[in-house]
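Structure record follows, encoded as structure tokens.
Letters A, B and C mark the chains in the order given here, with residues in each chain numbered from 1 onward.
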Amino acid sequence: MNIGLEIHSLAQRLWPICRSITGPGVRETLSILQEYLPDLTVHEVPTGTQCFDWTIPREWIIREAWITGPDGECIVDFHKNNLHVMGYSIPVDQVMTLEELQENLYSLPEQPDAIPYITSYYRERWGFCLTHRQRQALKPGNYRVKIDSELRQGSLSYGEVLLPGESEKEVFLSTYICHPSMANNELSGPCVSTFLARWLKEQPRRRYSYRIVFVPETIGSICYVSRHLETLRRNVIAGFVVTCVGDDRAYSFLPSRYGDTLSDRSARHVLSHLSPTYGQYSFSERGSDERQYCMPGVDLPMATIMRSKYGCYPEYHTSLDDLTLVTPTGLAGGFEALQRAIEIIEKNRTPRITVLCEPQLGKRGLYPTLGTRDAARQVQVISDLLAYADGTRSLLEISDYIKAPFWEIETLCSTLEQHELIRSSYDVPDNRKTTTC
Amino acid sequence: MNIGLEIHSLAQRLWPICRSITGPGVRETLSILQEYLPDLTVHEVPTGTQCFDWTIPREWIIREAWITGPDGECIVDFHKNNLHVMGYSIPVDQVMTLEELQENLYSLPEQPDAIPYITSYYRERWGFCLTHRQRQALKPGNYRVKIDSELRQGSLSYGEVLLPGESEKEVFLSTYICHPSMANNELSGPCVSTFLARWLKEQPRRRYSYRIVFVPETIGSICYVSRHLETLRRNVIAGFVVTCVGDDRAYSFLPSRYGDTLSDRSARHVLSHLSPTYGQYSFSERGSDERQYCMPGVDLPMATIMRSKYGCYPEYHTSLDDLTLVTPTGLAGGFEALQRAIEIIEKNRTPRITVLCEPQLGKRGLYPTLGTRDAARQVQVISDLLAYADGTRSLLEISDYIKAPFWEIETLCSTLEQHELIRSSYDVPDNRKTTTC
Amino acid sequence: MNIGLEIHSLAQRLWPICRSITGPGVRETLSILQEYLPDLTVHEVPTGTQCFDWTIPREWIIREAWITGPDGECIVDFHKNNLHVMGYSIPVDQVMTLEELQENLYSLPEQPDAIPYITSYYRERWGFCLTHRQRQALKPGNYRVKIDSELRQGSLSYGEVLLPGESEKEVFLSTYICHPSMANNELSGPCVSTFLARWLKEQPRRRYSYRIVFVPETIGSICYVSRHLETLRRNVIAGFVVTCVGDDRAYSFLPSRYGDTLSDRSARHVLSHLSPTYGQYSFSERGSDERQYCMPGVDLPMATIMRSKYGCYPEYHTSLDDLTLVTPTGLAGGFEALQRAIEIIEKNRTPRITVLCEPQLGKRGLYPTLGTRDAARQVQVISDLLAYADGTRSLLEISDYIKAPFWEIETLCSTLEQHELIRSSYDVPDNRKTTTC
């Protein structure tokens, strides 16, 4: 089955669940992911736990939320679209005039058919979200608002997959599971991550270990870092925040703090070959969990490969960010970009030529017999690879230098290794390359 | 009172004085500046004193200089405009034909209404300057030329203000006082410097010491360096030549020898925010006392912030460079640019965040309550400052990196220091950063 | 006599000789060059000698090669144009139909009047080259083909000139002598090299030693490196492959592996002043003996200054690359560019000013007395040279920095040295600058 369709089908299944930063929706989501990833372990962190400067909040349970109008008709119902209720709304059961109600309604005048996504995690209030068109049609009169929610001592839930490799050095993938029914931001993230984890699990050998986490955004990643800081700092040599990898309109890149890590270089290399006009954002335009991972003292080499970037497409954080916007093609493209970036990290090595001057390719059958343009290009690329195989540069650096895709160079390198014209060395990359400009 | 008007009023007072590289005009100028700067000390260096490759010349005294025409009418009179006599003219009292006179007249055919500014410090001759229009109207006949001047053993005069700070490391300002009645080049320089010195004197604390000198150009700065070389080399961590800071048409920048000192970086930062299209000149286009300060073995980190640069505006070195060209607005702008550059040097420090991951701004009231665009920008800037507060970069480097003005970042940094989210360290900058490219 | 005409006249003399990678044509060529260069020694390397990954091939002797047509008429004759026979053709003497003959004919449909240049050094076959126009006119019928050639145990020949200098450190020039009658690629190379060697020989003093070699391309340079590897690695501080230096349409540059050696910097400097729009190629576009010299473990600092680059002009590797395409002017220009690049290497040094602050140029007569624009520029350049004469940068670096030609700066430097305002030091450049990017 086509990978894009498989990922899309998982997204459809997770779509109706009402996720937030805590609560049953997160657990239900993780439980479905466990069907795909038996290695996924779920962890609970109790309300009130201190995580650096933050405290795990109370758990939010939402059972129902609706408004009925002056004639008793149902205006909005959380069960029809979970964006209708503001995330972390406190309970309410009250009759009020339209005027009073308006203060707790949220809509988007510029996108009159979109329901906005609104939350209030750290200030107690309640609210309803609806389309501006519907809001403008509300008649004067008395409305009954009812939110049957609860904020109680509970826990924050997150999932974690650890795949051991030959080295304890790790590649770290982090995605988030705290948004209700929205597709590019965010269902594409956990769904693509799930299939990346399955692909990694199937590999006959892994040079590096892999850590894939499914956390609520911000509080979840802060919590995760606070519990694993030393291990992460010691072992993570590259990593990616997986978010907004589902539509098929664009590729985008957001670098780590100084943009110079192995993750950054791999990602830029992949995107420059998959889509040379990919969107290049600066670290100042960040907005997801790299905000935590790339902070001083944490210093993880986390870059972000995206399709359309959060905040930069019109459907962002509205009901229009749905599973028609996110397509199997878009998901497959997001998956491929991350897969290629990971393959670069796995296969990168430093080649060294074993002969002096150019080797005679012809006597080894390495000289293409057909005189086509493609053959000429291949001879050129082999020749360049041999010339730069001086033991000072990795395949990734050579690929960038000669402007050829890593996957082409790496395949040629393997061939030349088989002919004993190249010997390569594998060095563990330096994960502290986050403080140079 | 508006600072621009105050500076302009000082310039008006100094305007009529006939300054040269030595002589009574320099002393009168310094004496007026002492009214504004009681700390200003005046130094005299005797004729014949050796200063590196140069010798202090004889002192020039000019009492009168005029030409009368065939009908006895007054053609030019030094007392009407001190540009009429060539600087350092030797005495003359002679009757000659127009033809003979022409050899000692100077005018500008392309600017027929401007009197040029001409000097002959190191070759003995005499001359008169006048407008080309007037020159062309001269009738044949006999002219009497009279210059009552004197070149005698005397001294070169300069002024110096030393303002001690917490550190003996110094910021050095140098301006020149050797030009007769011209406004942008040069009265703007000593006038703005005077008000910078007053402002620095009023500061409740100064991290660095300040040295502000008023010298005749070239011979004066060479002389000053020759008397203070070791102190300047040891202590000066930044500095500016103050010249051409009076008109309101442009901002310009001339870097130090390699353009990489703290002075250069501060100046570029200020100008890029005050006037992003400011004129960027190369060190090869220098022409004032940075010619001496930036020479090998002297190696002072001196940059030059200007309004319209010397040599690059049509009125330069003519009678048209007057106090209508130099305006209160222009002077205030020159003052502000230098003031901001000095403030950067004073307030620059290296911040380090005190918590891991992002701090929770909301619980400290640091999250703006109004959801405006400005508020969103401020959150972004706070967030960037915290992310780059990794102890490896100064506020100036961070400001440049995230493209925000230093003064905005520095204010936010102070707030975050008050909330103990940032601790900063102050390092003395390296004043030997003048030999890297 | 004009240098361009002299070089062109040597090219005319060498034109008719049938050169290949081995054989009598190479020896005849070297023997003529010995008339010009009595220091030229000729070396023979026997067939079968192992040179790194390669083996010296059998020697190729070609006596005659022709085709006669159905009516007995001569179709092509090697004695009319030595491009008619494929290089290293094995003997043949056979009658065959036009259809059979076609498989061994080579022509260029897109250049119907050009005879292509084809070789088959490492696979045994035979072939004829002719214009496409002639080929299309061939009538059906029987053709007799006759190639009287021989592949036998023999040797590969190359020539070498060694000119000792004050230092054993060397500048290395390499050119090739394996192409039959073609002018830009290749006769221009050995002819210009011959005159460079004569010019170097005539110099009253040489700071460096010079090694000029005339080798067959690829196998010859590999062979040469294999016999002199340690000496070359130890002594060569700069060098140039001399090829395609004969037409007058363009200047081109091909860098060494990382483009950062003294050769690269000298060449770029010369070309940027001779022809600012010169063609800048990348090392990936290489195609001559720098392919061997710049390989890892050999690491010679070899750059290539060309007129129209091989592979990049329409006449390349055809009979149209002749002595009308290559002109005396073109050859003189190629000679001049290489000569200037060598002069930079010879004369480069690190100047240091001997006084503090600016010296007084006037009292030494160094201040131009004429107030022309040229004079003003010269004062500026002297002033810049003095300012950057800080003992940290060579004349070449200073020339690049202030964007003035080396030859202008070097002349001024000599004058300032005579006036004892500058003292310079000569350092031997680092020849291992080939592994930094």
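What we mean here is this: a contact is a pair of C-beta atoms (placed from the backbone, for glycine too) under 8 Å apart; a residue touches a chain by one contact, two chains touch by 3 or more.
Since the model is a prediction, treat every value here as computed from it, not as a measurement.
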item	value
Interface composition of copies chain B and chain C: same or different, split at half	different
Rotation, 0 to 180 degrees and nearest 5, that superposes chain A on copy chain B via CA atoms	120
Computed distance of Cα centres, chain C from chain B, in Å	54
Junction residues of chain C - those touching two or more other chains	none
Residue numbers on chain A that touch chain C, as the complex places them	352-353, 355-360, 362-363, 380, 383-384, 386-393, 401-402
Residues of chain A that touch chain B when the two form their complex	51-54, 122-123, 218, 221-222, 225-226, 229, 257, 283-284, 291-292, 294-299, 435, 437
